[in-house]
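Letters A, B, C, D, E and F mark the chains as written, and numbering starts fresh at 1 in each.
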Amino acid sequence: KKLSNQLVNCKSDTVLLIEANLDDQTGESLGFVMDVLLDAGALDVFFTPIHMKKNRPATKLSLLVNPAEREKFVRLLLKYTRTIGVRYQTLQRSIMQRQFRSVATTFGPVHVKVATYGDIVKQTPEYEDCAKIAHEQKVALEEVYQEVTRQLTRPSD
Amino acid sequence: KKLSNQLVNCKSDTVLLIEANLDDQTGESLGFVMDVLLDAGALDVFFTPIHMKKNRPATKLSLLVNPAEREKFVRLLLKYTRTIGVRYQTLQRSIMQRQFRSVATTFGPVHVKVATYGDIVKQTPEYEDCAKIAHEQKVALEEVYQEVTRQLTRPSD
Amino acid sequence: KKLSNQLVNCKSDTVLLIEANLDDQTGESLGFVMDVLLDAGALDVFFTPIHMKKNRPATKLSLLVNPAEREKFVRLLLKYTRTIGVRYQTLQRSIMQRQFRSVATTFGPVHVKVATYGDIVKQTPEYEDCAKIAHEQKVALEEVYQEVTRQLTRPSD
Amino acid sequence: KKLSNQLVNCKSDTVLLIEANLDDQTGESLGFVMDVLLDAGALDVFFTPIHMKKNRPATKLSLLVNPAEREKFVRLLLKYTRTIGVRYQTLQRSIMQRQFRSVATTFGPVHVKVATYGDIVKQTPEYEDCAKIAHEQKVALEEVYQEVTRQLTRPSD
Amino acid sequence: KKLSNQLVNCKSDTVLLIEANLDDQTGESLGFVMDVLLDAGALDVFFTPIHMKKNRPATKLSLLVNPAEREKFVRLLLKYTRTIGVRYQTLQRSIMQRQFRSVATTFGPVHVKVATYGDIVKQTPEYEDCAKIAHEQKVALEEVYQEVTRQLTRPSD
Amino acid sequence: KKLSNQLVNCKSDTVLLIEANLDDQTGESLGFVMDVLLDAGALDVFFTPIHMKKNRPATKLSLLVNPAEREKFVRLLLKYTRTIGVRYQTLQRSIMQRQFRSVATTFGPVHVKVATYGDIVKQTPEYEDCAKIAHEQKVALEEVYQEVTRQLTRPSD
């Protein structure tokens, strides 16, 4: 996902939550399905361990998508999972406005996301940048985050 | 549940999701409650492990029922669980049309559910048939499913 | 929370469920957030273990609040957690009417909550009273509950 | 299991814990396996939700058995689950001595297990007795336990 | 991992289980650590959701490794996670002997693992082969497994 | 716990893991038990959600203690939980050496734990110090950690 696509200016929107309980599909197959759904543009995909009837350890698959893409994702779920039905609902969201800036560190430059909501400001080093550095320079991810943090000035600076 | 009761022709409907967080009821008792709710005609009952205040490992009980039966199930939950309140919401569902056919296998006949949604077709051996065979003939459930699969022709055949 | 504030006469109301998925915050910090949210008057706060993309074990934070306090809690979540967006929805609730009475036991007096919903009546010893006794007299919490139960007469007595 | 078989006089023993991680077996099938293992005499069978590589929500199956029956249960796991290997270890246990007595209640007689370990004494109404009453008389399981508790005298009485 | 490296002839061996409880590391970072450990040759890495003191939702990291590589993995855990200590123990394992054969299907050839333990025989289509086909031919993983199963003869054939 | 009690010089030791599966105790009561065990000096107490027979959502209680205190903790578990038996095993541990230093920040001084294991060095701001500041100054815990990190020099400085 290019960073430019993540720029968000609005403060609220709606999102569709689609869910299905799966007791007749393996974990291997659910890992495969997560890839399919993310590739297709799902905003978020997550699994919750649940306990269904007849002593079945099972998984609830949850999917957050753009409400306009409901039918596309319903079809993907019915095709790629074993479920024969999915349930869905529209949720409201409050979201922070996001901008990206580049911060120089001893490991090299790292993008930092600056999120704002009124007077609330949060700065978050981009995971992908930090993970690439940690992987290549064989250090812990936290060590990279700590170095980025040292270089961060307050947003108002 | 008789298979004939499971025949479904519509492609979408609504379902009521009722939930309660339980930190003052034992697992033994929750297993009992699951039976009570399934016997009363709940479409689905499942438990999610949650973590409540004061370091309490707890359970969220979730119940999917026909919206027309809301008050009946609210009363069952208030009577059989320790909660003093339940929350609920109506969800939309997209569901596949289902038909059953019988497939001959070396273990004997097995029902197979054929579910369709537009051009999407899925075939699923019935759990109860396969479990009965696996139990009586002392084989793994997967061995029965594999045998049914070998006998399955494509739906279009 | 004083017991008098917990007296409830209505049988149904609405509640706001606010949720966020957190994969970039530690458990230590989430425990801190639970305190902040309860101190601010959340009706309930609970954590659900989830599994997010890229093999991330994560936590869904769920918050039940008075719908009139939505913006207050949205701001608290955006300030105290690492999320840059939260989702929410309004739920209906059916709740039992509650009264408190005091029951004399060999351990001393204990408050008991009497909850009613039509003909359904449930009596629950107050956790805080029982925990205080169990802590001070070095007995199991269940032993205190059992003693309270022995002293309980049926609500109709 | 007959109650007489549950009488235990020793205070410590050993037990074998056998475990396997399952990411290629469905919840339906794991529910079936639990029955097979309990029927074969496992002391305890339980499932833990785990998160394996490649985003797989999976299940750890744990089995407590008599150490003398190791090979029997290893074979059952290799036959009935999809795993190709199981791991095991011997654990020590400290266990309470148990006796059963019958307690008269307004619902009829109920067995109560009296467990002792030195000066520690615990009384537990038998689940099966209470569940049968709750099912037949359409009351909550807790209501039965509360009635049994009212009739319980202290073990020393 | 090349398939030839997975050929196993022995029926039992030992494995080292290393574990640590993590309440001060994010899910993002734990996903990164899983990659590091698998790249370093861990036999298995898995996460279990746990609930630690002070209301902390946390994660138990479990690692199965060759006992001869203990110090290497202890060091990796101390370097890449936030824990300041790890615990470990040696477990026995019973494992099936494994061979691979190639099966022709309408989707193309697929490797199938044939695992044996005395008279117990299990056949498992290789996940990576099936996932590649499912991804490229845009079909569900189960559809590929079902096609492989149709082509499977019994091992004795 | 005073910081001076946490100074550790050895690099390896043993610890006793005691566990019990609880399906007949409420979450409320388990939260109470966690306090009892921590007050008694347990090194760690944690809960794992499990799924026991008869559709029971349950909790595995795990306790890490000094091996010399086994009988004390066995007795506490048998007294304060509903279990009638506990299992235990001795584990090896590899642990980092720890020292504390004080770091000046714009929020005031904060203790930082410096843990070493050969050439591996990790610095961790003390949770209790940071939580106190975050609580009193009404900022997010991460904001305090980030400020401490900015002030941290490398251990070799």
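The rule is simple: a residue touches a chain if its C-beta (ideal position, glycine included) is under 8 Å from a C-beta of that chain, and two chains touch if they have at least 3 such contacts.
This structure is a prediction, so every number in the text was calculated from the model and none was measured.
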Next on the checklist: Quick check on the interfaces: D-E is repeated by which of A-E, A-C or C-F, going by over half of contact pairs matching?
Outcome noted: A-C
Checklist entry - Where are there more C-beta contacts: B-D or C-E? => result C-E
Item to check | Between chain B and chain C, centroid-to-centroid distance (C-alpha), Å | outcome: 29
Item to check | Touching two or more other chains - residue numbers and ranges from chain D | outcome: 24-25, 28, 34-35, 47-49, 51-55, 57-58, 79, 82, 89, 127
Item to check | Topology of the chain contact graph, where touching chains are joined (line, ring, star, complete, other) | outcome: complete
Item to check | In the complex, chain F residues that touch chain A | outcome: 49, 51, 53-55, 57, 146, 149-150, 152
Checklist outcome for this item: Within their complex, chain F touches chain C through residues 25, 28-29, 32-33, 35, 49, 79-82, 127, 131, 134-135, 140-142
Checklist entry - For chain F, which residues are in contact with chain D within the complex? => result 21, 24, 48-53, 58, 60, 74-75, 78-79, 82, 84-89
Checklist entry - Once bound in the complex, which stretches of chain F touch chain E? => result 15, 17, 34, 38, 44-49, 62, 64, 89, 91-96, 98, 113, 115, 117-118, 120, 122, 124, 127
Item to check | chain A residues within the chain D interface of the complex | outcome: 22-28, 30-31, 34-35, 47, 49, 52, 54-59
